[in-house]
Amino acid sequence: MHPAALAAVAVAALLPLPALAQTAYPLTIDNCGVSITIPAAPQRVVTIKSTATEMLLSLGLGDRIVGVGFQDGPLPDTLAAAGANLAVLADRMPAQEVVLGVEPDFIYGGWESNFSGDGVGERPSLARLGVASYVAPAACRSVVPPRLNFEAVFDEIAELGTIFDAALAAAALIDSQRADLAALVPDTRGLTAVWYSSGTRAPYVGAGTNVPAMIMDALGLDNAFGDVEDGWISASWEAVVDANPDVLVLVDSTWNSAAQKQKLLAENPITSKLDAVVNQRYLIIPFPASEAGVRNVPATIDLARQLQALSFPAP
Amino acid sequence: MSGLVVEGIEVRAGGRALVAGASFAAPAGGMTALLGPNGAGKSTLLGAVLGQRRIVAGSVAFDGVDLRALRPADRARLCAFVEQTAVTAERLTVRDVAMLGRVPFQGTWQSAPSATDDAVVSACLDDLGMTAFSSRLYHTLSGGEQQRVQMARALAQEPKLLLLDEPTSHLDIEAQLLTLDLLRRRARAGSTVVLALHDLNLAARYCDRLVAMKSGRIVADGPPAAVLTPALLLEVYGVHATILTVPGSDLPLVVYDRADSTFSPTKSG
Amino acid sequence: MARSSRLTAYLALWGLLLVSVVAAVVFGPADIAPLDAWTAIFHHLGLVAENPLPLMRDSIIWDLRLPRVLSALGMGAALALAGTVMQVMTRNPLADPYLLGLSSGAALGAVLFLLAGAALLMPIGAFLGSLGALALALSVAHLLGGATPSRAILAGICIAALASAATSLLIFWSATGGSYREILSWLMGSLGGAGWADTGMVALGLLLCAPVILASGRGLDAFAFGDDAAASLGIDIVRLRWTLLAATALLTGVMVAIGGAIGFVGLVVPHAVRLVVGSRHRLLLPMSMLVGAIFMLWTDTAARTLFDPRELPVGIVTALIGAPAFLLILLRYRRIT
């Protein structure tokens, strides 16, 4: 081969492949009622809540994270290595000064309320300091999002891919999750379920518009509180017992573990007679996976596996 | 000995003696007045007799019984007290307040007044001319009317010993006389009445004994004619006065000097 | 009040109470026919052979609604009784059962236990907390020179403020996710999830404390004109005061442990009853209990049925009703005076 041609091939081989869709900066997007402008791919990110941290780690952006706060539990095994050395700013909400102290250019909040005076700061004042603030769309309260579905979760992944000029990684993640989801066969036994998130005297249960409903739908479970227009509600034990769910989804969090919930359900005279409690028909999901983020799909797959393992007597 | 006997009472507070070395006797069947300016210790002494104030020395005996050693319940059936002013935030009718006088006689679980209770209270309210006020709310009454209700309450206790602190201070002259008449009748019927009074002439007119106090000490004790002297009035009250005796009796009459002139019985005025 | 009208009033109140119980058991998110509900109850009581309800619905009636209804009755009676006593003991018409730091102390105790992971033991924490606050308040009053009513109130306010601050600090420092809701519901006062154990505690509290308090009706009447006047009417004021304080604190402590700081019942019910019955405590105390019981029964029923399937803490409902009711009562007082 002619040396010039070789050189051309070598140069072509060394050149980076054109990105799937290179982000054009400055980027302006509407996020939870606020228009944010991102001048360039953020390099110094603070993430609040596990969902935000896990999202960035899944997109391979762990090196951009300069601080994390208010994490809800340990990272999943797949991301543990990537997130091993993240700087923890606070176990709970870090103060505004602490956050600004690490000079971020982007703050990713898992809850809208993270951006408050005694949180990391109000969004307008952060913007004035040149810090872009991003609220996880599913958690937006001031502008109520439509009922959550997996496409909306994938949209969030894609949007972050765009923001960080990591569209390739985002697309790969979305495709992989979409495929996993498509392979999922919903349960056909017509089972009813209650999503028990927390609470002792009055149970805090998953209702119709957020992750609990989304996941139970995908699993083929009939959500007892699915027609209530809210993400979660404080219900009564009577309503739970009246629904007599076939299956109980228990959220495992550090402040209220699945084990504690099982104990309460078994010892409480009101719930102890429920069929699901007597036969321990529980599906367990870790808390961070119960909020919109990259863990929803893997958690759904895992719950489906748990569900399949449950046996019901022949009617 | 019947009646009230007080010996060597001493009451201290804040490092000083409010009452010291107080001894006097109030005979049964009689009215005894405690005299003295504000701060002389009259109220404190009455409180000590009732057992409401701690004493560091002395004793109180009524009909030979140590009054302070009695259980409150027993003492209440023997002795009644009328305060100078009695205020309450509760919504009580006049009859309710008078009925409180029957508390020492009512059982724990007795939820309504008995027939005796009703009869006694009705009679007492009548004696004080307060029957027409029976359903009025106590706190809507004038000071004088409230005083009379308190007296009705005290009389409803059917006490043998009646202690009163300035019971006529808010009353008009007619009511004052009615009240003192009533107390005198009770005394003559056998009770012992001890009352603190400001009006020296009324005290002389109604009471058998006068006990004068100054700065916590008793400085005079005896029948009105013996106690009311210009010297005593100057010493105890710091006022100049002339004492006249009503002709045909030994009843003293106090005539105070005005700032601009001394009273002279020879002048007409 | 004449004897015959007193009797009529008592009969009317007891009648209303019974009717309320019968009705309240029938209300709830689950759709259960009234006749079936009561037949099931009678079955449990051994009066009827067959239970018309299947297991789950029967459990709703017998394990959930009935004990909750009875707990509400007892709690309303206890809080109204405690409120009446506090108002006369402190000679302050704005007094309520929680005046001496009892509810703030209980809140602190409950939150401590909750954050330590012993959510199910919150009632014990609450009880210990309320007694602790009371002891502190009385000590402070003593330090101020002896426990008189006004000193006790001042000390109570001081301790309550302290306990509230500590509670807020704890919440801010350590609470996460779901525990905020638990704590808030507890602070507002809630009978959620009340079962037979709770009913038993309420009944025990009432059984121990109510007779003692009711027996002091005579003494409370005598208190109308203050300590000295009461003493001169033969009341052993020191003994009476400590007995009443102990009984009221114990009673309130138990109630707060079970239901949290349910407000307005102990403040408003005594005033409402006083408007009709006057200040004769031998009548006022038992009547307050009856009215308080009925009031609480209905507010709790509203709290658990109005926003089906959601459940409100009952303290919100008592506040929503109690505050305007208090205003009305104050206006009536003014007109009468």
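As written, the chains take the letters A, B and C, and residue 1 is the first residue of each chain.
Simple rule for what comes next: a residue touches a chain if its C-beta (ideal position, glycine included) is under 8 Å from a C-beta of that chain, and two chains touch if they have at least 3 such contacts.
Computed from a predicted model, the values in this text were never measured in an experiment.
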item	value
Centrality ranking, top chain (CA atoms only)	C
Relative to subunit A, chain with the most remote C-alpha centre	B
Pair exhibiting more inter-chain C-beta contacts, B-C or A-C	A-C
Distance between chain centroids, defined by C-alpha means - subunit A, subunit B (Å)	84
Between subunit A and subunit C, centroid-to-centroid distance (C-alpha), Å	43
Of subunit B, residues touching subunit C in the complex	47, 50-52, 71-77, 79-81, 83, 86-93, 96-97, 100-101, 103-104, 106, 108-112, 137, 139-140, 157
Residues of subunit A touching subunit C in the complex	72, 92, 197-202, 204, 225, 228, 233-239, 241-242, 244, 253-256, 260, 264, 267-270, 273-274, 287
List of subunit C residues in touch with subunit B within their complex	3, 6, 88, 91-93, 215, 217-218, 221-222, 224-226, 228-229, 231-237, 274, 278-280, 282-283, 336-337
Subunit A-facing residues of subunit C, complex	28-31, 55-57, 59-60, 63-65, 119-120, 173-174, 176-179, 181-182, 185-186, 190, 192-196, 304, 308-311
